[in-house]
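Note that chain A is present in both complexes that follow, paired respectively with chain B and with chain C.
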Partner chain A sequence: MREHSRKGPWWLEPLSHFVLLLAVAFALYPVLWVVSLALDGVQRPVARAIPWPESPSLDNFRAIIFARGNTGEWLFGRQLANSILVSAATALTAIAIATPAAYALARFPSFVGAKGGTKALLATQMFPGVASAVPLYMLLDKLRLLDTRSGLVLVYATTAVPFAIFQLRGAFETIPKDLEEAAMVDGATRFQAFVKVVLPAARPALAVTALFAFMSAWNEFILAATFLSRESAFTLPVALQRHVGEYDAAWGKFAAGSIIVSVPVMALFYALQKHLVGGLTSGGVKG
Partner chain B sequence: MIARRWLALFATVALLLCTVTAHAQQRSVTLWHAYRGAEQQALEQVLRAFEREHPGVTITSLAVPFDAYASKLEAAIPRGNGPDLFIDAHERLPSYRARNIIESAAPALGQLARTDTGPDLEPLALEAVTSSDGSERYGVPLALKCLALFVDEELWERAGRPSLETVEGIAAARSALPREAYPLVYYGANAYFHAAFLHAFGGQLFDDRRGTYAFTGAAALQSLEYVQRLLRDRVVPAEVDGASVTPYFRSGRAMTVISGPWFVGELGDARRFRVVPLPRVTSTGRALSPLVTVEVAYLARNAHAPALAAELAAYFASPSAARTRALIGRQVVATPSAWSDPALAADRILAPFRRAARDGKLMPTHGNMRLSWEPANQAIRRALRDPAATRVALEQGQHRYDDASRPLPSRRSPLPLQLVLGVLALGLVFRSVQRARDPAFRYAVKQSMPAYAYVTHAVVIVTLLVVLPLVLGAITSLYAGRDGALEYVGAANYWDIITARGGPLFTSGTFYAVLLVTVVWTLANLALHVSIGVALALLLSRPLLKLRALYRVLLIIPWAVPSYVTALAWKGMFHRQTGAINAMLAALGVEPVSWFAQFSTAFTANVATNTWLGFPFMMVVTIGALAAIPKDLYEAAEVDGATPWQQFRHITLPLLKPTLLPSVSMGAVWTFNQFNVIFLVSGGEPDGATEILVTEAYRWAFTRQAQYGYAAAYAVLIFGVLVLGTRLLERLTTPPHARGGAR
Partner chain C sequence: MTVPSRAVATLSLRAIRKVLGSNAILKGIDLEVSAGEFVVLVGPSGCGKSTLLRTIAGLETPDEGAITLGGKDVTRAEPRERDIAMVFQSYALYPHLTVRDNLAFGLRLRGESEATVKARVEEVSQMLGLGALLDRYPRDMSGGQRQRVAMGRAIARRPKLFLFDEPLSNLDAALRNQVRVEIKKLHATLDATMIYVTHDQVEAMTLADQLVVLNGGKVEQKGPPLEVYARPASRFVAGFLGSPSMNFADARVSDDGATAVAEGLRAPIDRQRFSGLERGRAVVVGIRPHDVTVRRGESSAQGYRDGAQPAEISVPVDVVEAMGFEAYAHGQVAGAAFVARVEGRPDELPRRGETLALSVEAANVHLFDPETGRSLAESKS
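Here is the complex of A and B:
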C-alpha cells in the first residue's frame, strides 16, 4: 500500500524520463556541436539543426596530437604531461594547505582571528581578479619562480585555497566529534586523531575539493601564458589557445583540442561522481 | 673551519656557473612571436639558416598565444625576463615606446643593404617604424598585411565575367548568381574592413596627425549609406562575421571576398581562385583602400645579447630570408629586392597583395587609435542594423570615444591619504596594545594556540599570494594613467565612475546602468540554476528511477567541459545565418532572429549559455542535500496523509534551504563576476548594453588604453557591491533569532 503511494500515479515514471531526456538533450547539444566541428574539415554557411559532420575525418585530432616542436620533440606529449603535473600538484598543494586550516575552523570555531580570517577568505572570492596578473608576475619574479611549473602551481593552488577551505570546513563539521575524542581518550594526540580518524572519514570531500582545484588549474590559460616562456613548459590550454588568432581561427583544430582537453576532466568527474554528491553538500560557504 | 671550506667550494662552483652562463648568454638570442602555421614554419627556417651562418649561436623562439602577447611583453621586458627581439605590428610602437620596452633599431637598419633613398625596405614600411618627429626608427619592418579581393573563378565565369574594377561591376553579378550566392562577402560590421570603404569616400577612422577620432561627418555617413545599399540589394549578405566568411567561399556561395593574406590558409584547394587589388567606387572614382599593418621585428630593451639581436633583425629583412618568408610563410615581405626573384614576382597571390598594400593607408599609430576601434565598431554595427539611426550611431561613436579618451584626472598630493593611513595605523597599534594587555584577550589567545598550529601556514601563503596581489590591485585604483605611466590621483577614478563622468547617470555604459544589468543578470541566472537544478535533482532522487547513474553522468557534462570552449560553441549556435538555434526556429516556421541585435535577445542568449553552464552544480548540490533528509520524515508524513505536494512544501523545501543557501550565495558571487560568458557570447552587443561590471572593468584595462587605475576602481566597486549584497542576503535569509548566535 505504502509502496504504491510512494510510487505515485502511473504517468510519473514516463514523465520523469521525458523531462530528463529533454534535459540531457539540452546538456549534450552544444557539446555535440563541438564534436561535429572537430570531426568536420569543411564548414558550410548553412544553418543546420543536427550536429553531424559532413565529411568526417580525424585530421584535426591528428594535427593536435602529433604536433611537434621545432626541435622535433613531441610537443603534445610534453604539454599533456605538464598539464597533468601542474594540475595534480595544484590539487595536492591546495589540499595540503587548506585541510589543516579547515580543520581548525571546524573544531576551534572561536579562536582569536577565526571570524576575521573567514571574512577575509570570503572577500577574496568577491574581488574580481582582472588586475592581479601583473602583481602576481612581479611576485613570482621576486621569488625566482617565474617560468617554472612550481611557480604556476603555487599561484593556482593558493587561488584554489579559499574555496577549498570552505568546502572542507563544512565536511569536517559533519564528522562527529566523538570519533576523534574516542581516539584521543585512547592516547592519540589531536594531530594523530586528525590524520588517522578525521581525514579518512572526510575522503569524499577531499576528493571533490581536489577535483575542483585540479579543474581550475587544468583549464586556466591566461596566467600560464603570461608566466611561462618556453613552449615545452606550456600547458595544454595555452597550446590550444594558439589556434585562435587575431583575424582568423582554426576552429576545427580548436574544437579537436578542446575535446582532448575535456576528456580527462570528464573521466575524473565520472570516477568521482558518487563522491561528488556527498562531498559537495557537506561543504558550502558560510560567512 | 669546515664551514669555511664549504663556503670556498660553493663560491668556486658559483663562479664557474656564472662564467658558463655569461658565456652562453652572449651567444644565444631569444625571440618571441605570435606566428602560427606557415608563417611560423618559415620563421623557423630562417632562424635555422641564421644559426648555420653563425656557428655557436643558438636562437630560442617562443610562440605566444595572441591573447596574452602584449601583456606578457609589458610584464617581462621591464624586469629583464623578456626576449632580445620580438615581432609585433607597427601600430603598437608608440605604446611600446611609452612603456620604454623597445630600443632604437638604428644598429639593425644600418646593417641592411642600401638603395639611393635609404635601406632596402618599402618606403611605406619604413614610414611605419619612424617616430612622429622623424628623428628615430624603431624596429625592422618585415612584412605588410592588408586586404585584397579574392575571386572565385568558377562563380565569376558563371556570372558572365563581370568587371572586378569597380564595386558596381561586382554588384551587377547579383542577377546572374543563384539566390543563395552573393557577389561580395566580407566582415562588414568591423571597422578594419569598413575603413577600406571609408577611404574610398575620402574619410578616415582616425586623424593620425592631430590624434583625433575622425569617423564622423559626410564621408562616414556616405560610406555607411553605400554599404547599407549593398546590403539592401543583396549584393552583400547580412551579419557576416570574421569566422563565417570562409565557409561562404569554400562552399561556392561568394563570388568575391574581401580578406587578408591569412585567408589563403583557410581555403585549401576547395575552389579555384585568384587575388586582385580592391575595386573602385564608381561615384567617387576612388579605390577601396585598405589599412596596412606592418609586421616589425622590435629590439627589446634589457636584451641579453643586443648586438646579436640587431644582427638577427637585419637578417630577417635580408633578401634571402625575405624570400623564404614570402615563399614558405606567404608573407608580403617589405624587402623590395626580394621581389626581383621571378617566382615571387609572378606569385598570383603575393604580387596582387603587394599592389593592394601600395594603394593602402598605413594603420594610424597614435596612442588614441586603439581607443577608436570600439566606438567605430559599435557605430558601424548599429548603422548596418538600423539604417534610420546612422547619424545617431555616428554621434554615439564620437561620444564613446570622447568618454574613453577624456583627459586624465590631475595629479594630487598623496599627503591626505598618508595622513589618514598614519592615523589608522596609530589607532590600530594603540588598540592592539590595549587588547594585548587585556587578560581576557590574552587568555583567549592562549586558548587559541592549538588552532594556530593548523592555520598559520595557510594564513601566510594566502596573505602573500592571494590577498597581497588583490590589495596591490586595489591600491592601483588611486592612480591614473595610460599605457602604464601611473600618477597618484586620489579618489578621482571613483568620483568619475560614480558621477558617470559628468554625463547623465542612467544612459548606457554608466556604472549604474551596468550595475542594473549585472543585478538582473545575476538574479535571472540564479533563478534558472536553482529551479532547473532542484527540479532535476528531485527527479533523479525518485527511489525507483531507472538509468539514474547514466542520467547523472550525462547531465554533469556541461560542468566538466572548459567554459571558454562551450561559450564559443554557444555563440556559434546563436549565429544568425549558420546558427543551430535559427535552424531549429526555421524548422518550426519562425523567421531567423538576429540574436545580438537587440538587448533582449542578446541577454537571453547570455542567460541561456550560463544556465547551461551552471545548472549541473546546483543539481549535484541538491541531490546531496536531498539524500541527507531523513526518510522517516516522509514516512511519518504519509501516515498522517500528507499529499506529495504537501510533503515537498513542508519537508523537502524547509530542509533543503539551509544546505542550499551557502551554495546559492557562492553561485551568486560567481555569476556576478562571470566573465567568460558575457565576453565570449554577446561580447557586450548590442552597443555594450549587455556588458556587466567585470567585463566593463576588463575593457577599461585592456581595450581602452590600459587605464588600469580606472579598471581597478571598478574592481573595488564590484567588491563593495558584492559585500553589501551578500550581507543583505544573509539578513534576509537568517531568521532574526539566529542572528545573534551566528559566527
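Here is the complex of A and C:
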C-alpha cells in the first residue's frame, strides 16, 4: 500500500470518496433491485427509485429451494448437485490436462508441434461455443451422452482446457528456471522439481484458473439448455430460466434463484482470495 | 567450530566443448581442480564462465569432452547424481518454503532421517547466524539474508563440490565486501572444493587459490591470482585484471634491443624475460597505472638534468582524477590513452596541460605480440 499522502487541497479527499460512492452505487443498484425483487411477494417488477420490497417475505426462496418435480423428487437438490458436479469436474479436468501441457509449452517451447499446437488451441478460442452446438449435439447423441453430466463436462472441457493452458503457460513462464535447477541440483528429478517446487509456486495461478473454469461451467446456459431436456438433469442456470416463461414471468422467483446461484461463486471467491493475491513467488529469487 | 569431515572431491574437465545453436560457447576447456581448492572462473560477460559452471553442475551437457568428479565420470550424469551444491546468482530460494524447509529440502530429497535433517539445519543456522530467520519465508527477508540462506542450503547438503554463480552480484557494495570475506572463511572452515564464477576482479583476486581467466569460450590463463596478475599471459588477461586497467601502446624494439620505443615512450625491456626479440620488431607495451613513478622537477622528456636518465614516459595531462589518497592522471602516449597513478598533496598533483615525466622499471613492462595478443615472455615450462 502506498503511504497516505496529505498533498493537495483539503476537499480532494471528500470529493474522491463521493465519486467512489457514486461509482459503487452505480454498480450495485441493479444488484439491489434483484435483492428487493427476490424478497418481494410480487412477481412483477414495479419501477421505483429506491429498490425496497413492498411486502417482504422469503416465499420466493422457499419456492425455488423446495420445488419438487412431477415424480415428487427434490428438484433443487438434484439441480444444485448437477451444477456443482459438472463445474467441479470441468475445473478438475481443465487443470489436470492443462497443467502438464502448459508446463511443457513454457519450458520446452521448441518441441515438435509446439507452435502448430499452440495455434490450433488459440483457434478453438476464437469461436463461440454456440457455433458448434449442433455438431456437438449430434456427437453427444451418438455417444449417448445427451442429458448426462459427463457429456456436459466433456463439452465444457473443450473450451476450458485451451483457456487454462494459456493461463498456466503464462504463469509457468514467470516462474524462474533457477528454482527448478536449484531443486535438481539439490537432488530432485525433473518431475520432483515440478511437483515440489513449480506447482507450489504456481498455486495462485492454478487457483485462479480452476476458479475460471468452475465459474464458466457454473454460469453456462446455452449449451446446457441445448443438451439437457430432463428437469432432473438440469443445471441451475437452465432451471432458473424456466421461471421466465413465454407467457408468464415469475421475476421474484427468478431473482431469488439468481441470488442462490451466485452464492457459491461468491463463497469460492472468498475462500480462494488468499491465493488470488499474487506475489507468492516474490522473494524466491532476487529482490 | 568443528565441522565433520566430508568427501572432498577433485574435479577434472577434459576438452569440454558446448555449442548452442550456431554459437560455440565453450571451445575446448581443460581444467584440473584439486581437493579443497578454491577456483575462480573469471571473465567478461559472454565468455562462457556460467555455461562452464552449469556444465559442471549437470544443468548443461557438453557436446564433447569429459567431466570426472572424485574419480567418477559424470559427463552424462543428472545433476542429482553428482552430489554437488550450487548457489545461484538469484539465490533461487523456494518461495513457498520457510528458511528451515529450504535448508532441509535437499536433505529430505536424499532420504536423510528427520533427526539428521534437524541436526544439520541446526548446525548450518549456527554457522551462518540464521537462527532468528528459520521460520521466515524468503519474501520476508533482505537480499543479504536470502544470500545467506542460499549458502546455508548448499552447506547443509555437505556436497562433494560447491558451485557459486556470481553469488554477490545482487548485493550492495558494503555487503558484498563483508560476504566475500565470509565466503573465504567458510572455505577455510569447510575445507571444501569450491568453484566460483564472477566477473568482478576483486572477488577473483581475493578468493581464488587458482584463478582461471576465460575469454571467448577458452581458458586464457590459469594460475595463482598474484602470479596471473604479475605475469599476464596475454594482452586480454593484462587488461582484464587490475583497475584502472593496464595501459597499452604500440611500439618497436630499439636497435640495441634494450627498450621498446614509441612517441613519448621508451620502456626498458627485461631481457631475461623477453629474450630473443628481433630489433625493430613491433610490440604492444603494457604498463599498469600503478607501476609508474613521477620524476619530480622534470616537465618533459627532453628536459632531464645532467646525470639523470631520460624519463621513460612523458604524458601530456588531459584530466586529473583526485581520489584523496591518490590521483589518476589521464593523457595520451603513442596515440593511445594512458593513465598514471600519482601520489602527493593536492598542490603537488599535476595539472591539465602539463607534461608528466614518468619512469617505469623493466620488471613492470609487459610486452605482447600485436597480432596474437600473447605475451612475448619466454614461458617457464
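We adopt the following convention: the second predicted complex is superposed on the first by the 246 of 287 C-alpha atoms of A that agree within 3 Å, B and C clash if a C-alpha of one lies under 4 Å from a C-alpha of the other, contacts with A are read in each partner's own complex, and residues count from 1 in each chain.
Throughout what follows, a residue touches a chain if its C-beta (ideal position, glycine included) is under 8 Å from a C-beta of that chain, and two chains touch if they have at least 3 such contacts.
Bear in mind that the values here come from a model prediction, so they are computed numbers and not experimental data.
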{"item": "Partner chain in contact with A:A201 - chain B first, chain C second, else both or neither", "value": "second"}
{"item": "First, second, both or neither for A:L136, with chain B first and chain C second", "value": "first"}
{"item": "First (chain B), second (chain C), both or neither touched by A:P176", "value": "second"}
{"item": "Partner chain in contact with A:L121 - chain B first, chain C second, else both or neither", "value": "first"}
{"item": "Doubly contacted residues of chain A, that is, touched by chain B and again by chain C", "value": "279-287"}
{"item": "Chain A residues touching chain B - in the complex, by the definition given at the top", "value": "2, 5-8, 12-13, 16-17, 19-20, 23-24, 26-31, 33-34, 37, 42-49, 51, 70, 97-98, 100-101, 103-105, 107-115, 117-118, 120-139, 141, 146-147, 154-155, 158-159, 161-162, 165-166, 170, 190, 215, 218-219, 221-222, 225-226, 229-231, 237-238, 241-251, 254-255, 258, 261-262, 265-266, 269-270, 273, 276-287"}
{"item": "Interfacial residue positions of chain A with respect to chain C in the complex", "value": "176, 178-179, 181-189, 192, 196-197, 200-201, 203, 279-287"}
{"item": "Of chain C, residues touching chain A in the complex", "value": "57-59, 78-80, 84-86, 88, 90-96, 105-106, 109-110, 137-143, 146, 153, 157, 170"}
